[in-house]
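Both of the next two complexes hold chain A, though its partner changes from chain B to chain C.
== the complex of A and B ==
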């Protein structure tokens, strides 16, 4: 069972955050809220998402699992105003989600969850370095890197966090010291990431005042930020690229 | 070639994209032989450079490997070493067939029967030491690793998968299973079609993945029994029992437990049975290899392919560029961190 109402923009952002990873997801619904774990088809990036009941204007649910086509839902949310309230009600018998937004009533057919890739296991990683920065700074560095390369180095040396991209002839580098960062746990970290993924991931992170990056040497990166004023959390885990000689 | 146990195994069609980031140990002889028999002109003559040296294998190796690398696959070619003594009979027989085919090819060409010429030309294809040497040189200039097996290449490839240095063996034969390979890919061709032997038509082929454990479970046998079934049917090392195909062999081995039981029951003998079983279950392999994918050496490729063997400069440049692009860095996957 699910009966809920939520701000349209918040729902739109949540769907966008998931759409970075996959097109179809399994929503795990419980009394506490909604959670999703999904990995992209190439096994390179994972998204871990949770939106607790407090994030909703109204929330009533029993434990269940539904399959959602993210493109469909983001299409219909595209027509909603930022301040609209989206009302959702699950019809479990017909496996449809009734969505009411701005006077429009949608009946959205759900996907059979068993046809969607199962929730992935989350690797337990020891990531020695933590960098907390503003989402805008991260987005800026990624955007600059996109112009000259298709991958970007992230690392910490001494007490400076750096993001660097090298093209065939050009190079761009953004350095941030302790005073420019919100927080830093220094250590040995330097890994290379594909901008194909990173560009998409930093879009939803853009709005977050605090984004936490956990890094290692030639290791995956964990990117965490809060949504819905702390009533939700998005984490991405992205595998690195390793340069050949 | 190899053992005809394909019908017993469970196959699953896969796309090249399912193999992204995977290390595939390719049976080099099997692949080169394919190139030599497929890449031919209409009258059956292989591609040759201006000095008359065969280049079919180089052409195949260059384009296929490039496509694999571009799909994110990490290929490693495994070359046969010294054939086991037990294989002498098979090798001698193959030589006779090849030489007969060569003669028939010449005759067919003289008579102007192009279809027959093509067929016999294919059957006369031989992977000789020059072909192997050329192939190794080309691979190293492309930055692709290869491994020299002490004996059977498929056994070495299987060993590398068992050691988790590779994810799959790629071969058209099923022998890698007998050597214990957990997973084998067939039809790792890029063209997506293959000529039917002896016919002027093509079939669509897709790579297929066969997993040993699933197949054994399905058949309710163990690997030792699979080896026994293969020996009943006939392998590169023995002739097999008369009028026993894979299905009958399966029935017999399951009924009698192993091949010794089958032979006792049928009052038959297979020469060197224990050595053959040993060869499959504990083949000679080596741990001395290094799998490193490097950037292609542009100058070396151009010098070897264009200057020495008359390849079009344009096409080699393009292939090199594609390789370079794909070998710039390697995207890792999350499952490597469990």
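== the complex of A and C ==
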């Protein structure tokens, strides 16, 4: 059972954050809220998403699992105003989600969850370094790197966090000291990441005032930020490129 | 003219000339043209129809009829899968016997109720087996050939006064059913035919003569061939994403009419990358060589490939192979076009070439480095010239996956 109402922009952003990783997801619904874990088809990036009941204007649910085509739902939310309220109700018998927004009533057919890739296991990683920065700064560094290369290096040396991209002839580097960062736990970290993935991941992170990066040496990066004033959280885990030669 | 433009365009007309000068040269290739006495011909159409793209949306279209050829021999003229042991000259002379009996149509005439010539061309296209056909021309067809990068060569063309089908076409049940279904989208109808093992040549024939879909139109043959390769490929790619990856790195190799293929299957999720290296003195390359690359990830391709019809023609047979062994893989293909490929024969060369290479026993390798050096040793273009374009090879070597961190 699910009966809920939520701000349209918040739902739109949540869907966009998931669409970075996959097109179809299993939503795990419980009394506490909604959660998703999904991994991209190439096993390189994972998204972990939760939106607690407090994020909703109205929330009533029992434990269940539904399969959703993210493209369809983001298409229909495209017509909604930022301030609209989206009302959702699950019809379990017919496996349809009834959505009311801006005076329009949609009946959205759900996907059979068993046809969607199962929730992945999340690797337990020891990531020694933590960098907290503004989402805009991260996005800016990624955009600059895209112009030069397909990959971006992220690391910490002493008390400076750096992001760097090297092309065949050109190079771009953004350094941020302790005073420019919101927080820094320094240590040994330097890993290379594919911009194909990073560019997509930083888009939803752009709106967040605080984005936490957890890093290691040649290790995956964990990118965390809060949504819905702290009533929800998005995390991405991205595997590194290891170029030994 | 810039040679680089020619290789990207392959006769589409990007240079602004009304006719492609490279293709015009081939028109006069010496060949055994059929003897046409008077203004009429009689022969068994394989069956084949042709819809031109020149002048779109007013195009010339009609059946292909080989004069004096009997039913028994005619089917072979439209069966690229059987041409493996021929040489380029054989194919040109065989195909030059196909006379195009053209009429000018507007592509929107496809529903075809009024135009009896179009109705007859459609009737002929429905058949699975050759159809005896007689055609009367205003003037005897001109003795020249038609070449194209996507199309198989064809013989003389003439404006037709009338033509008649001299026997009843044999229509497969599935074809009959889908041609009368005006609610199914062309895409869905084509896929259903493909799944029922109707030959791709027949599907693109039905599609191009305007017999499939909701809003029917004539579709130029060169577009319809690639459309069928693409639709079938996409459908298989969706399916194989549910299969486990291949278990080892394997390499297939083969040559077809001067086109050399190296096909590398990597144990990762589905992705496809094609590199084409055109050596100097091939059809489109002039005096310099040219290297092009295009690729797609598990989500497939959104825009038309920069490598044009050859991309989709190379992708389809590998996907068929993977569907057959119920596995997915990251597929890397290097296609080297040598000067031995001196006349454009059409994209079937790529489709059949990849298909044939996949029938050879593969070699397996413990590491991608060894596999790539083996592959590079068999092509004439130095590795340094193409390897930096091969994104998939570097991704496979360097991009880790999350499974590695448990």
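Note that the second predicted complex is superposed on the first by the 244 of 245 C-alpha atoms of A that agree within 3 Å, B and C clash if a C-alpha of one lies under 4 Å from a C-alpha of the other, contacts with A are read in each partner's own complex, and residues count from 1 in each chain.
By definition in this document, a residue touches a chain if its C-beta (ideal position, glycine included) is under 8 Å from a C-beta of that chain, and two chains touch if they have at least 3 such contacts.
Owing to the predicted nature of the structure, the values given are computational and were not obtained by experimental measurement.
A.B. asks: With the two structures overlaid on chain A, would chain B and chain C clash, or do they fit side by side?
C.D. replies: Clash - chain B and chain C, as placed by superposing on chain A, overlap.
A.B. asks: For A:23, select first, second, both or neither according to whether it touches chain B, chain C, the two together, or no partner.
C.D. replies: In the superposition, A:23 contacts chain C only.
A.B. asks: Of the two partner chains, chain B (first) and chain C (second), which one does A:237 touch, if any: first, second, both, or neither?
C.D. replies: Both: A:237 reaches chain B and chain C.
A.B. asks: Go through the superposed model and pick first if A:44 touches only chain B, second if only chain C, both, or neither.
C.D. replies: Both: A:44 reaches chain B and chain C.
A.B. asks: One more residue to check, A:194. First (chain B), second (chain C), both or neither?
C.D. replies: In the superposed model, A:194 contacts both chain B and chain C.
A.B. asks: With both complexes superposed on chain A, which partner does A:82 reach: first (chain B), second (chain C), both or neither?
C.D. replies: A:82: touches no partner chain.
A.B. asks: Name the stretch of chain B, from among 1-9, 91-99, 217-225 or 325-333, that runs into chain C once the two structures are superposed.
C.D. replies: Stretch 325-333 of chain B has C-alpha atoms clashing with chain C.
A.B. asks: Of the residues on chain A, which ones does chain B touch that chain C also touches?
C.D. replies: Residues 39, 42-46, 120-121, 123, 125, 194, 219-220, 237, 239-243 of chain A touch both chain B and chain C.
A.B. asks: Inside the complex, what are the residues of chain B that reach chain A?
C.D. replies: It is residues 20-21, 292-295, 327-338 of chain B that touch chain A.
A.B. asks: For the complex, give me every residue of chain A touching chain C.
C.D. replies: Residues in contact with chain C: 23, 39-46, 120-121, 123, 125, 150, 194, 219-220, 237, 239-243.
A.B. asks: Which positions of chain A touch chain B when the two form their complex?
C.D. replies: Chain A reaches chain B through residues 39, 42-46, 120-121, 123, 125, 151, 192, 194, 219-220, 237, 239-245.
A.B. asks: If we count contacts the way the header does, which residues on chain C are in touch with chain A in the complex?
C.D. replies: Against chain A, chain C makes touches at 241, 268-271, 297-299, 391, 395, 398-406.
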